[in-house]
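Look at the two complexes coming up: chain A is in both, with chain B in one and chain C in the other.
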Partner chain A sequence: MLIEQCAYTNRWRQVSPAAKGLFTSCGIVAAFVARSPLTTCCLAVIILAVAVVGARVSLFRFLKVALPAVLFLAVSAATLAVSVRWGGFPLRLQFHLVNKAELSHIALTCSRSLCGISALMFFSLTTPMTDIICLLRKLKFPEVMLDIMTLGYRALFVFLEVIHDTRTAQMARLGYATPRLAMRSLGILTANLTLQVWQRSNALHQAALARNNDGSLMFLEDEYHRPVLTLLTASCSGCALIALAMVPL
Partner chain B sequence: MHIMEGFLPVKHAIGWSVASAPFVAYGLRSVNKRIKEKPEQRMLLGVATAFTFVLSALKMPSVTGSCSHPTGTGLGAILFGPAAMAPIGAVVLLFQALLLAHGGLTTLGANIFSMAIVGPFASYGIYKLGRSVKLPFGVCVFLAAAIGDLLTYVTTSVQLALAFPDPAGGIFASFMKFAAVFAVTQVPLAISEGLLTVVVFNALARFNPQELRDMNVITKEVQA
Partner chain C sequence: MTKAKNAILELQDVNFRYPDGSVGLNSCSMSIERGSRTAILGVNGAGKTTLFLHLNGILRPQSGQVLYDEASLDYGRESLHNLRSRIGLVFQNPDSQLFSASVREDVSFGPMNLGLGKEIVKERVADALHAVGLTDYADKPVHNLSFGQKKRVCIAGVLAMQPEVIILDEPMAGLDIAMQVELARILDSLHAEGMTIIIATHDIDFAYQWADTISIMVKGNCTATWQISDIANSIEQFGSYGLGVPRVAELHNALVKLRLSDNGNGYPRSHQELVKHLNEIVI
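On to the complex of A and B.
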């Protein structure tokens, strides 16, 4: 996964996830505080620049990851911009473009979403999931939820490899030659994966029992570079983003 | 299709999070109870989360000729129960937001409500109802997966309609507008997912009936 690769290789890998999380939260708050589309677009660009210049995340990768979300946003904006009503003779559905005031409201909604996506991308492209789970543990999230996250995150790469290998084998035998064959092959693949849920969970349980596990799964935490200083810097930068959001443009 | 980060107004984002919280809390309580009775369920639920996540990586042929990915709502609800699907779904949606940029953090509550609560509970209810009126096993599974999938998108349409009522036609016109946009892709997808889930259960019942019996999904007469 592209996001995971960036999260482990960016320059801010060793920066405390709490600092990056705080900056992201401030970015999202700023997106909601801003009252003009121009301001929210500026905020989105600033957050993108922080990721690209500060964390050295490749601009191409950032845009590639954000592209599907931006395309969905474009479809949503088009849907919002069209008003539907019954009218005419004979009675039929009529489509109209909404008025100017509504259009500016839609522009604000979409730019707010764009800024939110930019902030979310910043966090996910600079912070690996293991760090996020550690952060959630510090924030006292329920233990069961964290266990599900830890196990799920570790198992999903195993499953992705199983899918890749099985699909390759099926395709080599023309398993996806027609839609009917594709459905059958996919059904067998999913059934096989479903069975592996039990097999792998039993194996994991046996492994945990062998290590005297009797409760939650505990892992060592990484040590981060100057956590207090980075947290202070993130809070100052975050406050600056919110202050900028309040400036009328 | 998940609602994107920042798309819902603040009040709606908070409202849907508050609406989802009791279901996730109930799900966590039920999961905790299951783990106390059977400690191996901790691993099962963790691996099931990965399974639900990777289902979205599978490309499924749709009846319109295009392809999409299964949601796994019906499959998960029948296998693991709707209560367990609320926390599992919440984690999967968080993974999708952070690892795939699908959905968001402020819209997590709304997405949990549609995909991890309405979908699984509807699928499970339809499955149980079908079994109680003695419908064939395959028909029950198909209806549970297909209708559960459709109801997920109906709920998303309702959420968007409430947040963005149409200036002329109000909430109902807005709902029809969003539902029509979703219907183009989701009706064929729901039918495909229903068929796929039947194929999955047929394969499991044929090759691994013991596991399905252990989860109380099938009885001996179904297998026969």
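On to the complex of A and C.
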């Protein structure tokens, strides 16, 4: 929901998703071009700054959304840097730090991932999913995949509401009073949801037929504010990021 | 069943049973006049939705026939495409009808399926959103709209296809009073443009106020069709279907019996009309 709110309320909502996608791609390419962890960290901060200053995405929201991915990256980095094993006498856990060369390699890998996270966060926090699907359609992604994405994304909110309503009704009748009852209620909720998925998919099929659909889902594409200019700006900014990545730090 | 003078849609002795054996339609015959406002009344499970799915060609009669423009429906792909572009169907639950998470995209879904050009679709989407008063919501995500607004998006989605007939399944269900008034205004403006409108409803007072014709459905059968002007005269007979009677007609009849009102300018169809009529008598 946080991602949704940012995507619909940021200043670059009407900027072409192609431009934002291009800048994101350049950010990822720059992360791989960079040869030092310091450079990639700088790139990550620059992309974050572009989102915060340019698109007016709140810094707090950006960090909050990025936090799970960054934590996952931190855990991964720790497991790469430190190896744990049983050994010695008496038997105990032994921690071994990798050597300096390997450490710098891990730092580079992780900082690249950090830069990639920053770039993807920039894209997802400034571009609604419907725009992303529209962009993928223009890039000739398979229709079936895009239809599933469209319906899946819409269904996400419909079923979140169903889950919320069902859970509230269960809680109102003490459905979660004890762990045993909670397990039972959760089972009923899952069964109910499964049935609703089936019923609603049938209803959606009928609604599609009623509106003359007999193939893939087609929608009118949005029009964006000065698409050529924004695309040019994005490509220049993206190239600047890649050039910056080549600077040895 | 009396056949309408200028029937646009007609059902002749249509029967339909669902795979589980439950009756959908049972010898159902009905005739809908072009440019009319028809309300279908019936208890839950009476077959109203099944009837609508037949009128749009989604369900096919197991016996009997459905006629559009006095010709029996052809269930070939091309003919169904043609039929569904002329008969728009708005379902009861908007969440079962909205495909895209974007209002503009969803409204464009029908016209895009008609194979229209981008410019025409844009124009139709703008007109349809304007007709339902949602122009400012075009770029909003569907999941941030209220239930009533979602219903209006559904109606806009059908209006953008510019159908001759619009069918609405329980359009007032779940709407607050303000939304109901707004929806009634939209329906009135569509009717003024010459569109044939069919609705299913439980709200007898709204049906009496809004419709030209009321059809009663019982267990899949269209038991009776009433012209609105006939109801007030035969209110007890109308009440025998167990669906209630229009309160304004009942009250007006009681006032006439007590010589507190008269039938001078015909029967009032709404509370406001009755109050206006009584004020005129007093003056």
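Here, the second predicted complex is superposed on the first by the 238 of 249 C-alpha atoms of A that agree within 3 Å, B and C clash if a C-alpha of one lies under 4 Å from a C-alpha of the other, contacts with A are read in each partner's own complex, and residues count from 1 in each chain.
Operating definition for what follows: a contact is a pair of C-beta atoms (placed from the backbone, for glycine too) under 8 Å apart; a residue touches a chain by one contact, two chains touch by 3 or more.
The structure displayed is predicted, hence computed values, not measured ones.
Novice: Considering only the touch criterion stated at the top, classify A:Thr150 as touching first (chain B), second (chain C), both, or neither.
Specialist: both
Novice: With the two complexes superposed on chain A, say which partner A:Pro179 touches: chain B (first), chain C (second), both, or neither.
Specialist: So A:Pro179 only meets chain B here.
Novice: May I ask you to decide whether A:Lys100 touches chain B, chain C, both, or neither, giving the answer as first, second, both or neither?
Specialist: neither
Novice: Looking at chain A, does chain C or chain B touch more of its residues?
Specialist: B
Novice: Classify the contacts of A:Tyr8 with the two partner chains as first (chain B alone), second (chain C alone), both, or neither.
Specialist: In the superposition, A:Tyr8 touches chain C alone.
Novice: So in the superposed three-chain picture, is A:Ala210 touching just chain B, just chain C, both, or none of them (first/second/both/neither)?
Specialist: second
Novice: Could you look at A:Val158 and tell me whether it touches chain B, chain C, both or neither (first, second, both, neither)?
Specialist: Both partners, chain B and chain C.
Novice: Figure out whether A:Ala69 sits in contact with chain B (first) or chain C (second), or with both, or with neither.
Specialist: In the superposition, A:Ala69 touches chain B alone.
Novice: Classify the contacts of A:Met218 with the two partner chains as first (chain B alone), second (chain C alone), both, or neither.
Specialist: A:Met218 sits against chain C, while chain B stays out of touch.
Novice: Where does A:Arg92 make contact in the superposed view: on chain B (first), on chain C (second), on both, or on neither?
Specialist: In the superposition, A:Arg92 contacts neither chain B nor chain C.
Novice: Using the superposition on A, tell me which residues of chain A are in contact with chain B and, in the other complex, with chain C.
Specialist: 4, 129, 150-151, 153-154, 158, 200, 204, 208, 214
Novice: Name, in rising order, each residue of chain C that touches chain A in their complex.
Specialist: Counting only chain C, the residues touching chain A are 53, 56, 58, 77, 81, 84-85, 88-89, 91, 93, 95-102, 104-106, 108-114, 118, 121-122, 125, 139-144, 157-158, 161.
Novice: Taking the touch rule as given, give the residues of chain A at its contact with chain B in the complex, in rising order.
Specialist: For this pair, the touching residues of chain A are 1, 3-4, 28, 31-32, 65-66, 68-69, 72-73, 75-76, 79-80, 82-86, 96, 98-99, 102, 109, 112-117, 119-121, 123-124, 129, 132, 142, 144-145, 147-156, 158-160, 163, 179, 182-184, 186-198, 200-202, 204-205, 208, 214.
Novice: Going by the contact rule set out above, which residues of chain B touch chain A in the complex?
Specialist: Answer in residue numbers: 1, 4-7, 9-10, 28, 31-32, 35, 39-40, 42-51, 53-55, 57-58, 60-61, 65, 70, 75, 79, 87-88, 90-92, 94-95, 97-102, 104-106, 160, 164, 166-169, 173-174, 176-178, 181, 192, 195-196, 198-204, 207-208, 211.
Novice: Across the complex, what residues on chain A touch chain C?
Specialist: Against chain C, the touching part of chain A is residues 4, 8, 13, 128-130, 150-151, 153-154, 157-158, 161, 200, 203-204, 206-214, 217-222.
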